[in-house]
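Listed next: structures, encoded as structure tokens.
Note that chain A is present in both complexes that follow, paired respectively with chain B and with chain C.
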Partner chain A sequence: MRIICCVKHVPDTNAQIQLAANKKDIAREAISYVMSPYDEFAVEEALRIREKNPGTTVAVITLGPERVDQVLRTGLAMGADEAIHILDPDSSITDPLIVARCLAQVIKSGGYDIVFCGRQAVDNDAFQVGSAIATMLNVAGMTLAGKVEVDANAKKVKVERIVEGGTRQIISGSFPVLITAQKGLNEPRFASLPGIMKAKSKPVTKKNAAELGVDLNTKMIIELLEVPVYQRKKRVIQAGEDGKSAVKQLIELLRTEAKVLE
Partner chain B sequence: MNILIVAEVSQGKVKRASLEVLTRAREISAGGEIAVALAGAYSADAEKTLARFGAGKVFYTDHDQVSRQNPEAVFELAKMCAAECKAGLILLGASFLGKEVAARLSAQLGAPLANDCIEIKTAGNGVVVQRPMYAGKVIATVQLGGAQNIVSIRPNSCVAKESPAEAQAKKISLDSVSLKTSVESLEIAPLKRPELTEADIVVSGGRGMKGPENYNVIEALADKLGAAVGASRAAVDAGWRPHSDQVGQTGKVVSPKLYIACGISGAVQHFAGMGSSKCIVAINKDAEAPVFKKCDYGIVGDLFQIVPLLTQELSNSRD
Partner chain C sequence: MDFTFTPEHQMLREMVKKFTEKEVRPLSQKIDQEAKVPMELWKKAAELGLLGIAFPEKYGGAGAGEMGYCIMLEELAQGDASFTVMLGAHISIGAMSIYLDGTEEQKQKYLTKMCSGEYISAFALTEVNAGSDAANIETTAALKGSDYVLNGTKFYITNGGIANVVIVFAVTDKSLGAHGGVTAFIVESKTPGFKVGRELDKMGIRGSNTVELIFENVRVPKENVLGKIGEGFKTAMKALDRGRLSLSAGCLGGSKRALELSLNHAKQRVQFGKPIAEQQAIQWMIADMAAEIFAMESMVYRSAWAHDQGMRITREAAIVKMYCSEALDRIVDRGVQIHGGMGFIRECDIERAYRDARINRIFEGTNEIQRLVIARDVLTKGAY
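Presenting the complex of A and B:
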């Protein structure tokens, strides 16, 4: 089997976000980046499928400037065999539709049986690229996988997913498939020190986004970014001995001041 | 501008979030036609509800995969409806289904998409939307200028209002479509409580809950208030609660009227998921917890004492 995982280099979820001077991007200096957490589940699942199916190869692919080479190294250190970097030297591609177009174009010629993505990247939260690639490649797209069963002989995949309200769906499809990973799919491994050393010598293919032959024109323009400020009352009450008067006071405030309780 | 809405129907009822989307559509259609594609099995009740909220046309299908809410099947239905009603704008609720169908439509039509928007207005032939990024740490103003544009709208970001219209229903056949995926089974969990992302009140428990067996105090308060139950990442990572309960950057983003955080310290990634709530209450025994600097009301005390008292006091004062 041939598997490829789309991964993204995103600011750490614990990072405080500040804006760049032009207010069209975030301030990128002094940010520590990680692999988007949902992509870690995707890579882990691909590696587990390889362990069960000898002869399988796992590739990782990303799009972005030179810096995002790091996220490919993370994927290789976790155990992926090879990597593809679609270079966007000045980070000009911000529209997820265009990102999906570039990724789909490269993935199309790779003869992959399974494409994995995270359910969304936790920077722009578009929830778009995985399903867009599935549609562009005209393959079976299955999102939010909480469990994946692969039958390599029958070339079939079954995905279990849970959506709003605890509704459970079992979705099936035949190779090639695209699966997006939900939290809970697995426990991603950490890259080991030997893994990190080996990653340095694994192949990374570089391609330029501008040379893929896809339409890079976007009809989506980010006009302005703002950091929302929520005014909070910060009225903190001590529970005291038995807590009763504090609780009464809180209920009163919620009813008469905040008006959020009847 | 003609607008197509993808409205979700489950067990014969239209989801509230879809009625909110319909309300938004009326505000910006400027006399254009408002058509609805039913994502789910047709019901006469659903059709009536949609008409009451201003739908001029209701497209539906009896295809089994649409009733099972297969996103690919709903996408195929929406694609046909968008062509039939010449939609300049496609609006969806930002549920998992809505966001996936939106992404597929965007890829198919080459139309720009903004998922999970909290504001939308028209600008020339396009639309300008506001959407959270970085789980709400940033709000982006985004312009979509395609010949067709696609927007999904976050639940709870407006109030659904009625505006009765005469709806014309039309059945669409998907027989010519061959699907690549099949929803083999669909189990709808019995709804004990409101869905997290749509609830008016959310009660959440974090690391301070000390174990899964203690969530009954949270659930009792939630049931008293008709609230949903949430959890912090710490509680989910410890295996105390399912991931579907997680509020935060790698969980759900909620924006209720009232959010009650119990035994939650107030990490950045948690606030990313609930920081836009109208009113935030914190209950924590650590007076130094960051949550007290970011809440409206707080009680410094043992949640195992305070939360049951709160439940009890609410019962007393209502009777």
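Presenting the complex of A and C:
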């Protein structure tokens, strides 16, 4: 079985984000990056499937400038067998459609049984790449997986989806499939120290996005980024003589306005 | 000059940071209160390969060098000082003694199991009357047939009560003194006559196991002599040289954590209508902390790099140990001051950091000994 995991190098969720001078991107200098957390679930699941199915290989793939090599190293350190880096030297590809197009092209050329993606990348939250790749590959797009069962002999996958309100939906499909990972799918492992040291000698294939033979003309551009301005709201409810009605009012406001109570 | 870390070292830092945040730091208060590191945590560190970090792959290590080792201890020290000391004693002086002077058989037999975490190791040099003055060792080892028979008592032994293997320094020829008269032995704790005495109740690093070890006619086979007969003191000094640097990396981590705790508090604590972080008195303390941390970081990694390049760093290790342990003490002291009354309360993290810091000026050679080492080196070899 061959599994490919699409991963993305995103700013550390703890990083202090500031805007770049042109207000179309964030200031990229001096921020630390991590593998997008949902992608970590994806890689972990792929590794678990490999552990249960000897002979399986796991590849990690990403698109971006030289810097994103690091996210592939992380995947390799966790245990992936190989990595593919689609180079976009000056980070010019920002449209999720083009990203998906490049990834799909490379995935298709290498052969695969299961493609894993995170449900979303936690930087731009576009939620598009996974589904777009499934469409381009013309395979079942099994999104928001909370549990995955693979029957390698029958070449079938059963996926438990967690949908609105926690409802579970069970779906199944035949290889090849694309699965997007949801929180709760598993508990991602730490890259072990020997894993980190071994990652150095694992193969990383570099391909240039411009040489894939796909249309890189963007259909969407980022016009503006704005950071939210938070205003602290303060409201005082006068208790007066009758505390009871004030409490009632407070509960009602916590429910309807602050939305912290159900 | 290139001050960047390799991608492997960066990944190693990320991994240990995550491990620290998720598995170590949440237990820190409990480790202090119960004066015990849960073995579960040791096992988790072993599974990640952390215990073999400084040793070559052929012994089950990771071969991450002194640089990798320092990075690991810096990160772990931001989680818990006791656990850091437990690992530090095991790796820097216990396992390291075997790595530095052991035979290939000894390395295969013991070092591999120390890398995997199956064995915990300890290093028993200090005695009631022999600390900095190692020539005063009273524990004896007498050759009887094919065994050495050990008798004596060791004191302040980190990991002593939980170790499977202890490196014990004993007198084999009293007339020769420290150089020539002291020999190192690899002693398995299951050997008859090996007794764990009382556990010492400490001010800080309370979770680290510190005990008295008693040897009553402990028979150690000849093949467990570590290094050459009479050269135990050299083994001890080489291991301690290494330990001084990694200990300093722990001081660096502890300092970063203390600054972080202080910043969090200073930004939240409002007095006179504004966060105390806006008061110049607090800002000066923060500036001093940041400057000292920068100095610590610079000297720790420069020296680790030099070591990995094969340079001798005896003077540097002594300087780094002296400076970092003293800077850490100043930093936690300011940290408590910034926290005010809260910093004096047991449940507050900075209070624990303050107590945990103090030992660093004492163990692995007191800072007075470090100054002697530095001064002698400067006086004989010239300044710079």
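The rule we apply is simple: the second predicted complex is superposed on the first by the 232 of 262 C-alpha atoms of A that agree within 3 Å, B and C clash if a C-alpha of one lies under 4 Å from a C-alpha of the other, contacts with A are read in each partner's own complex, and residues count from 1 in each chain.
FYI, a contact is a pair of C-beta atoms (placed from the backbone, for glycine too) under 8 Å apart; a residue touches a chain by one contact, two chains touch by 3 or more.
Everything numeric here is computed off the predicted structure, so don't read it as measured data.
Q: One more residue to check, A:A77. First (chain B), second (chain C), both or neither?
A: second
Q: Could you figure out whether chain B or chain C reaches more residues of chain A?
A: B
Q: Determine, under the contact definition given at the top, whether A:I31 touches first (chain B), second (chain C), both, or neither.
A: A:I31 contacts neither chain B nor chain C.
Q: Quick check for you: in the superposed arrangement, does A:A152 touch first (chain B), second (chain C), both or neither?
A: A:A152 contacts neither chain B nor chain C.
Q: For A:G166, is the partner it touches chain B (first), chain C (second), both, or none of the two (neither)?
A: first
Q: Applying the document's definition of touch, where does A:M197 land relative to chain B and chain C: first, second, both, or neither?
A: second
Q: Quick one: is A:A210 in contact with chain B, with chain C, with both, or with neither? Answer first, second, both or neither.
A: neither
Q: Help me check something: in the complex, which residues belonging to chain A touch chain B?
A: Answer in residue numbers: 11, 13-17, 19, 26, 37-38, 95-97, 100, 122-136, 138-144, 146, 158, 162-174, 182-184, 215, 218-228, 230, 232-240, 242-244, 246-248, 250-251, 253-254, 258, 260-261.
Q: Spell out the residues on chain C that touch chain A in their complex, using ranges where they run on.
A: My answer: residues 7-8, 10-12, 14-15, 18-19, 47-50, 52-53, 57, 62-64.
Q: Looking at the complex, which residues from chain A come into contact with chain C?
A: Per the stated touch rule, the residues are 34, 69-70, 73-74, 77, 190-197, 199-200.
Q: Quick one: which bits of chain B touch chain A in the complex? Just the residue numbers, please.
A: Per the stated touch rule, the residues are 10, 68-72, 75, 95-97, 99-100, 102-104, 106-108, 110-116, 126, 128, 132-146, 149, 180-189, 191, 195, 197-198, 201, 225, 236, 242-244, 246, 249-251, 257-258, 267-269, 272, 275-276, 278-282, 287, 292-302, 305-306, 309-310, 313-314, 317.
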